[in-house]
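Here chain A shows up in two complexes: once beside chain B, once beside chain C.
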Partner chain A sequence: MALNRKIAYIDLTTGEIDIKPIPLKLRELYLGGRGLDVYLLYNHLRAGVDALSSENVLLVSAGILVGTLASASTRTHVAAKSPLTGFIGSSNMGGFFAPELRWAGFDHLVIKGKAEKPVYLWINNGKIEIRNAENIWGEGTYNTQTAIREELSDDEVQIMCIGPAGEKLVRFANVRTGYKNSGGRTGMGAVLGSKNLKAIAVRGTMDINIKYPDKALEYNKKIIDRITSTKFCQIMQKWGTMFIYGVTNTTGLVRVNNFQLNQHKFSEDIECESIEKYSVGTAGCFGCQIHCRGKYVIRTGSYAGTYSEGPEYTSQGAFGAEVGCRNMETILIGNHLVNDYGLDTLETGSLIAWAMELYENGIITDRDTDGIKLRFGNDNAVIEMIHKIAKREGFGDVLAEGPVRAIGKIGKESERYCIHVKGMSNLHSDERATPSLALGIATASRGSDHLRSRPAIDLYHLPLELLKKIYCQPTPYDGPLSSDYRDYTGKARMVQWQEMCYEAVDCLGVCKYHTIFLSPNLMNFEDFSNFLFYNTGLKIEPEKIWEVADRAYTLERLFNIREGLTRKDDWLPDRYFDEPTPLGLDIVKGKKIDRKKFKKMLDEYYELHGWDENGVPTAEILEKLSLDKEPTHIL
Partner chain B sequence: MAKMIVVDHIKCTGCRNCELVCSVRNTGASNPSRARINVIKWESEGFYFPMLCQQCQNPACMAVCPKDAISKDDNLGRVVIDYNLCIGCQLCVAACPFGCMSVDTVENRVIKCELCDGDPECVKFCDSKAIDYIEADIVTLKKKRAAIEKFSELMKRLA
Partner chain C sequence: MKKGKSREGEVRCLNCFSRFRPAPGVERAFCPECKMEWRISWASKKTAKIRGPVWEKVSKE
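This part shows the complex of A and B:
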């Protein structure tokens, strides 16, 4: 059944492989995926190790519902100590890797040590082999996957791999699977690189027995009909996340020229409609009807004829407005290159945008940038910097170190311009008019991020009744809520609720787009509970799933605290408080975050979590969540 | 008139939900290697094609079966296996030009799409309608209409 998948401990230094079952008790406490990953990380990693040393522990996993009849049950989770932030490293991706890992018999891989020479793992129906990867070391992520499939003579093998950026230990190198999917954030690719691990290839033909097949089919169909009937789904099916840009830019919620403006004058050049002449359709991840992955062909220039997938909303900012560019082909080429090199598109674009503001302000000059004119709107400079970062050449070597270390190299005066939290750059979104979104990026466990807790539906001005229906369950909440996204009232609860929702989703292994993220009508805790029961037989009530999420999130907090995190790390860059937004709709223009109100909101957020005023979980909450004895070393 | 499965590969998003629901419906387990349908992909070109039994007029599998275990069911327009007669020689697997007579390695027997007795699960779950199950005459009429649509529009403009 879906619960009999195993855990494998792989020591790359000694070559030892140990395979064990996963106790039901741990399933009930953490489900799987991201939840069980943080348990394993907390139990297996010594505090304070260098994230790029052989002592770091890499976790690769599938959520507990992956491969089953839960909607888009496709997600792979990757975790380790982050070489970018020094806190929790955690990244989640779609595609077809995780279902294949389960069909091959495994749910969790715990990878330790460092291989002497480049290797890849070959996992096939319960067996794991460490194979030589010297011939593919240096290859991009597309060629790597083709080469492994050729070597194994099997087109159906699914592969997770790194590109040259991961090999060069770029601190925000990602892991990739297929043409489109990336475990983008927190530098998990660099951890693979530091272990000389080029890829993990999986293939399996083992049953995942569905507990109640007829019921599971019926419930899945019901949810699919619910999802596909939403406007959100219909728009995503056509444009993917690129559709978001027009709305957020019109309102004034995007970063332009790093953080100088909050609206792009030439946005129509890079809005979703401009993909049309390059688009060759859309693709879906495993079991997904939203199929938001764009497929495109670059039409002109030196990349003419190149097929690629994407770009997402993130890349529209990263190689568009954030760096002051207005050329769709720059976005398409940039997206293709970061995917091939295995770089996080978001971090790459944000750091280039930061460097451009430094250059325009004279804080860095041609001498620092190897002569590259890092001016906003210089398309060639953007593309050139992508190459240099991935190869760690010249100034690229500075940016490849990520925000905190790059600030250290460039100098203190550069710090003010860098839009990061906990050492990870922010999305190209401007949260000065949206306190709930601001609180989300300030508190997210892996650093500034929109996929940890963003209450995106706060932007819809939903009626209070609907907000109550969503945010006052499955745990009780009788505090205030507000439909106004500029408000500070009740926003801490919205952030906490979304945090628990996304954590639950990451433990289950389904996609966030099928839940209450961008549409209020999609799956929630009750649906998670039903999916779990019909597919696995595990009967876990909605409020207990919340508790699992709370436990896993709190353990991430404990992990971060063990690595030195304090309250001051849950804070925004000064510019959010000091510089009002210059553009946007009237209700957005002139907005900045109020320090006092933000502090109060942060206090509320801690209180909702049962953390003290320093953001440290109290003994009481640890006991309630059965975390008081961690690490327990059950696995 | 019997219905038939129609594949429109342009609409296929490659999500493989058809493989999932097919294997669950027919085996109770999620396992694409036991599905009667498989999406064949050329990933580097973004080209996907769902492959399943074509329910041939003159089935090669039926022709080579030494025990006459494979027959046509004109009522549902399908080719079916009688497992009481099948000896598992797998000559049908060798004969099928499409690879759509497969082997279920768990139950150790040959398997093929039998249209879920007239209510194909894959079709129900294919939201993009890359696979459909419709009357055979309508299939070709629809294709005729689509093929000539440009011409018809041109005529309207000239009129």
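This part shows the complex of A and C:
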């Protein structure tokens, strides 16, 4: 059945491996994926450890619906203490790794210690082996995967791995599977690197028995019809997330030249439509009909003929708008390089953009940058800095430390220019005109982030009746809502609701693009409940799925508090409050976040969660969510 | 899928949020409500999207 997958404890120091079943009680409390991972992290990690030491605990998991008949049930979750932020490290990726992990018999891996020499894990039909990886240490993520498949003589093996950036302990190195799918944020690649763990290879042929296959298939068909009939899906199928750039840049919701402008004028060459001359099709992840993953070939220059996948909206910003570049090939090369080095594209671009503003203001000079002219629009400098960051060479070594430590090295005067929250850089979006999006990045558990709570549909000016239908269930909410994205009214509820929605799908292992993220017509808590029942037999009502999400999110909060988080960390950089947007449509121009209103919105957000005025969960909410006795060490 | 009036070929003006239907295949269209001119692109013959503004007309700085 779908609930019989195991958990494996792997000690890389001693080589010991222990395999256990997962108790049903924990399934009911956390489901799987991100939810059960935070439980394991909270229980197995001692507070205050160095994230790059052997004491950190690395978790790799599949959501509870992964590999079943639920649409896009594909997601892998990776967790540890983050070497970038010092708070929770948590990252999620698509592709085919997680289904293969489940077919190999496992849902969760708990990896401790540090191998003496580079190794990779080979997991095959219930067995786990630690193998030598010295021959692939130093290889990029593309070659690493090819080499492991050749060594195992099996092209069907799925692999998640790190590139040179993870080996060099770049604090925002990520993990990769395939060409492009990445557990992108919070530096999980550096944690693998610190453990001398180059990769995890999986292959399995163990069936996942579906509880009610006919019902599951029928329900999935309905969901597929719903998804493919949306305009969102039809556009994503052609251009992937790159389509978002046209909307946000037109409106004036994009960070340009770090944070100086909010619209990238005359930038037609980096709009999604301009990818078409490089595109060689699109691909999808396991069980998905959207197929939003672009495939492309670079046509000219020193990278001519190079194949890669992407880019996403994040890379358009990272190597386009944020750094003031207007050349699609710069984006495609940058995207290819971060894919192969194993770097977080978003953090990389943001830090380069920050350095450019420092350079143009004379805070850093040629002496700091090894002579690289870090001026906005300098395409070559962007590419050169990507190499230097990945290899920790020269000024790249400073940026490889991430925002907080880099500020410490460059000096206090650089801090104002750095756009980060909790030590993690923001997406290239400009939230000064959108309070709901601003609250989301300020409060997201893993640092400034758009994938933990962003109410993106707030930008659609949806009618109030529809907002009520979405945001007033499955738990009651009778407060105000507003269709105006510039408003502060009711936005705390929208952020909280999206947090619960994204947490729930991360526990299930389903892609966010199948939920109410970029379209209001997609899956909600009722669908999650039905999918769970038909595929696994677990009957958990929609409001209880919300409770699972709330439990897991609150435990992430407890983890962060244990690592030193306070209310001050749920705040935005000063520039959001002090500098009005200079460009954009008239409805957006001149906007900045109002400190007083933002503070009130933050208070509302805490109250909705049952947290006190300092953002600390109250005894009542901990008891309600059965968190009052954590850590319980059941697993 | 929302029942009732078909929204095939429609776009939503990013300036005033009203919906309008550009003529099939056109690369530019005016919002009938606020008169803003948009560049239009087509994901398919029936699926239009706003590509962006006509920069020359919005660029005053």
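The definition used in the following text is that the second predicted complex is superposed on the first by the 635 of 635 C-alpha atoms of A that agree within 3 Å, B and C clash if a C-alpha of one lies under 4 Å from a C-alpha of the other, contacts with A are read in each partner's own complex, and residues count from 1 in each chain.
Criterion: contacts are C-beta pairs under 8 Å (C-beta built on N, C-alpha and C of every residue); 3 or more make two chains touch, one makes a residue touch a chain.
These numbers were taken from a predicted model, which means no experiment stands behind them.
Colleague: Have a look at chain B and chain C on chain A after the superposition and call it: clash or fit.
Modeller: Aligned through their shared chain, the two binders fit side by side on chain A.
Colleague: Applying the document's definition of touch, where does A:G396 land relative to chain B and chain C: first, second, both, or neither?
Modeller: After superposition on chain A, A:G396 lies in contact with neither partner.
Colleague: Using the superposition on chain A described above, determine whether A:Y307 touches chain B (first), chain C (second), both, or neither.
Modeller: A:Y307: touches chain B, not chain C.
Colleague: So, does A:G166 touch the first partner chain B, the second partner chain C, both, or neither?
Modeller: neither
Colleague: Regarding the shared-chain residue A:G240, is it in contact with chain B (first), chain C (second), both, or neither?
Modeller: Neither: A:G240 stays clear of chain B and chain C.
Colleague: Is A:P435 contacted by the first partner chain B, the second partner chain C, both or neither?
Modeller: A:P435 sits against neither chain B nor chain C.
Colleague: Quick one: name whichever of chain B and chain C touches more residues of chain A.
Modeller: B
Colleague: Report the closest approach of chain B and chain C over their C-alpha atoms in the superposed model, as a whole number of Å.
Modeller: 14
Colleague: Report, in rising order, the residues of chain A that make contact with chain B in one complex and with chain C in the other.
Modeller: Residues 237 of chain A touch both chain B and chain C.
Colleague: Write out the stretch or stretches of chain C touching chain A in their complex.
Modeller: Listed in rising order, the residues of chain C that touch chain A are 1-2, 7, 12, 14-15, 17, 41, 43-44, 47, 49-53, 55, 59, 61.
Colleague: In the complex formed with chain C, which residues of chain A make contact?
Modeller: 225-226, 229-231, 234-235, 237-239, 243, 246-247, 249-251, 265-266, 268, 271, 273, 460-461, 521, 582-583, 585-587
Colleague: Where on chain B is chain A touching in the complex?
Modeller: Residues 10, 13-17, 20-21, 24-25, 27-34, 41, 43-46, 48, 105-106, 121, 124-125, 127-128.
Colleague: Any idea which chain A residues touch chain B in the complex?
Modeller: 67-69, 96, 99, 103, 142, 145-146, 155, 178-179, 205-210, 213, 216-217, 220-221, 224, 228, 237, 280-289, 291, 295, 307, 309
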